[in-house]
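Note that the chains are named A, B, C and D in the order they appear, and that numbering of residues resets to 1 at the start of each chain.
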């Protein structure tokens, strides 16, 4: 029920955003929606008021762009929904740590590993890395890397 | 010469010094054994038969260790504290009635003396915790003071009810009046309160909040190493012996056998046997229960122990008056 | 009234707890004094890898394919072989594992085409330096072969 | 005047550095506590002392080479993480798993869950100052380790699951040992109840301590027994059953207040439910292969991504793998439950005592290496 409502909200808010229904067996989510960087706060608010919780925030580093992936889930019924957001290498996405208080740490972790800072999150100290770390280990330009692709090479 | 009071005192002190340290080492061994067997493991086994010499080796090791003085610690107080904690404990032995004629000094204020000196250890703990310049140690010291203030009261009230019955503060007098019936049967409530308070008094689990290992690392003796720590350790066990010895003479008939039947066993063995049994109970308790929280301990003392011991005292006074 | 009730039931719960521990006091022990007594190892125990001794050849069957070296996630294995003949198989000359890096995943054992690797039952691996963790499997194999031969000899004598 | 006041305030509140070396921070967690007397004003957990870069390692390794890493994330439920990683890769590559292997994995995972909860039980009571239950729990846990040792050859970091099955088939001895263990545990619950659950001191130490309400849990993404303790019956084994969990009958125990006592009770009941699951799985265990033969040595899944969620003993965990068609993942992200569970301490700890902080930390059951990754 909640999922249907959310889907309607999403379609209304982002009429041209690609909403992709996933084969849940493969990706583990019902659908994923790609939203622009400016839309993430609206999306988070919609998810927050629908009673979803934030499972994880992570990023993918591609040659042309970062892609932030937010996994939302709901206690009942089973409905993992994914919000994907393309974010340029020098772009600063807005933080959602005031909507989901637990997002603060998740964003700090993404900042640690990828160097993406979030506007609105005041606490951007390194979380898992040493306090004086000025490197971002999960970027594909750091250390030994097996491959560095453009986004379309994987997602077509 | 031999009958002189001075000779008796000096001989007694020498025996006490020897006995206190050996007894503490034995108690440490016993504690480990009891803990081990309760926990389905054998405890120390390697040094000596059943690990009997283990604690002696530990003491030797502790003596060989460096005494570390933390930076910015109060040097004089820091080294004074372990001595301060051990001294009053030794004095307590002076008045313990081991047997009908085995009291170093049979004072008519013996009971008072023991409790006056045992309160002294709090001062030492506070000094040690303060001098260490460590937040954990300070927290432990503060907890210790508050705890002891709260527990001295029911402890003394429980003792008072016995004193009221005998009308004397002398240990030998109290023990003698238990010739046929131990006071634990007459004053079970006071006895229980005494034992609980005594556990708190000696800082043992479940009331070991001043050293609360999992919270305050090691509480007031966090910063102590080598023999400084060793003295705190020995004092804890000697203190435990004294507290149990006092309980034996106040409630369990001292050197008297059960209901006046001594089975031909000398009084001193009765006394030691009962004391060690009480110590065993303290150990058993320690290895069974989790630790209480600081404010719960206070609540328990002020809301349960003190009212009950007061009521007990009043009832005792009335009954004594009527009889 | 609930005040006294709590004291009563609280005290009772404490006594119940003490009953549990005092019962254990007389239980048989569950631990053993380790260096003097040992418990048998499980048959599946995975120690570091070693060479299997095959009955038919009396030695290992390594063909120096290098699969184990390639599949190892932590770079534990180093091996070397030489070709004795121009077109013949390689012969193993060195096979060294650095056990300090090994995570015992067992991928090398599974990937081996001749199944010549197996887990040893070694668990006392204390060393003083890091190099004590480096195990030369060929030397180990030679020692084992020698020991086996000796055992056979004594058995033969006994028979 | 105002200045004087502020300096007084400054002196009144002092900072206590709890950890990283402290008897009850379970690994290398450091919590900076601002204290007013013994009351906590502010708590700031500092993590990352055990960061080993598992995610980076994952990107540079082949899928099967990451197997040993998986059990080293949450070392207390190594089997479950091992299992979860294998699930993710199997989904990604479309590998069919034989029925028997599924059951074996479920049995092994549930045994691992019990062992993890038993260790938590022991250490939690130890945090509260009781040392003996710890060793009783370890005695029981040792039986599980023996069982898992007999089949996987390892006692903590198992690396037992493989893509398409498990490394070793279970034999009748394993089944016998497991049944004996279940029987043994049946007699142990009463002892634990007498020794701990009913103990008045224990109840006072845990009741109404560290309350997490459902809304707070949702905000921070708290999952697992900590979430169920506040009354939300959310369990991945139930909501999106993997392997054969949909064929097994088990309850999802929940609490009501969300305090430390509820968390304790939920974990305790969960152990009993795990016993039930194992019993049923043993009864239903079919004959057949334990490892499918169709998995190529060099596994290169098709392009795409997978988010495989599973219930570890601490809550919802997931592997998020992105494949670019090569033998190793392009991105390997791990969602760990302790991350959210620890994060919530920021809001739970203030206004409690130091002694309570230890109790709460213990009741939340975090495994630090899992957070640090």
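Convention: a residue touches a chain if its C-beta (ideal position, glycine included) is under 8 Å from a C-beta of that chain, and two chains touch if they have at least 3 such contacts.
What you see is a predicted model, and the numbers here were worked out from it, not measured in a lab.
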| item | value |
| --- | --- |
| Neighbouring chains common to subunit C and subunit D, by label | B |
| Chain whose average C-alpha position is farthest from subunit C's own | B |
| Chain pair whose interface holds the most contacting C-beta pairs | A-D |
| Mean-CA-position distance for subunit D and subunit A (Å) | 25 |
| Cα-centroid distance, subunit A relative to subunit C, in whole angstrom | 44 |
| Approximate Å spacing (C-alpha centroids) for the pair subunit A, subunit B | 62 |
| Numbers and ranges of subunit D residues touching at least 2 other chains | 132, 136, 139, 195-196, 199, 201 |
| Set of subunit A residues in contact with two or more other chains | none |
| Residues within subunit B bordering two or more other chains | 38-41, 287-289 |
| Contact pairs between chains, per stated definition | A-D, B-C, B-D, C-D |
| Contact footprint of subunit A on subunit D as seen in their complex | 47-48, 51, 53, 55-56, 59-60, 91-92, 217-221, 232-234, 239-240, 303-309, 316, 318, 320, 322-324, 326, 328, 330-331, 333, 335, 339-340, 343-344, 347, 371-373 |
| Complex contacts: residues of subunit B adjacent to subunit D | 35, 38-41, 135-136, 139, 205-206, 208-209, 212-217, 287-296 |
| Subunit C residues touching subunit D - in the complex, by the definition given at the top | 6, 9-11, 13-14, 16-17, 19-21, 24, 30, 42-46, 71, 73, 103-107, 110-111, 119 |
| Parts of subunit B lying in touch with subunit C, wherever the complex brings them together | 34, 37-42, 45-46, 284-285, 287-289, 304 |
| Complex interface listing, subunit D residues touching subunit C | 61-62, 64-69, 72, 132, 136, 139, 142, 146, 149-154, 157, 159, 162, 167-168, 191, 194-196, 198-201, 297 |
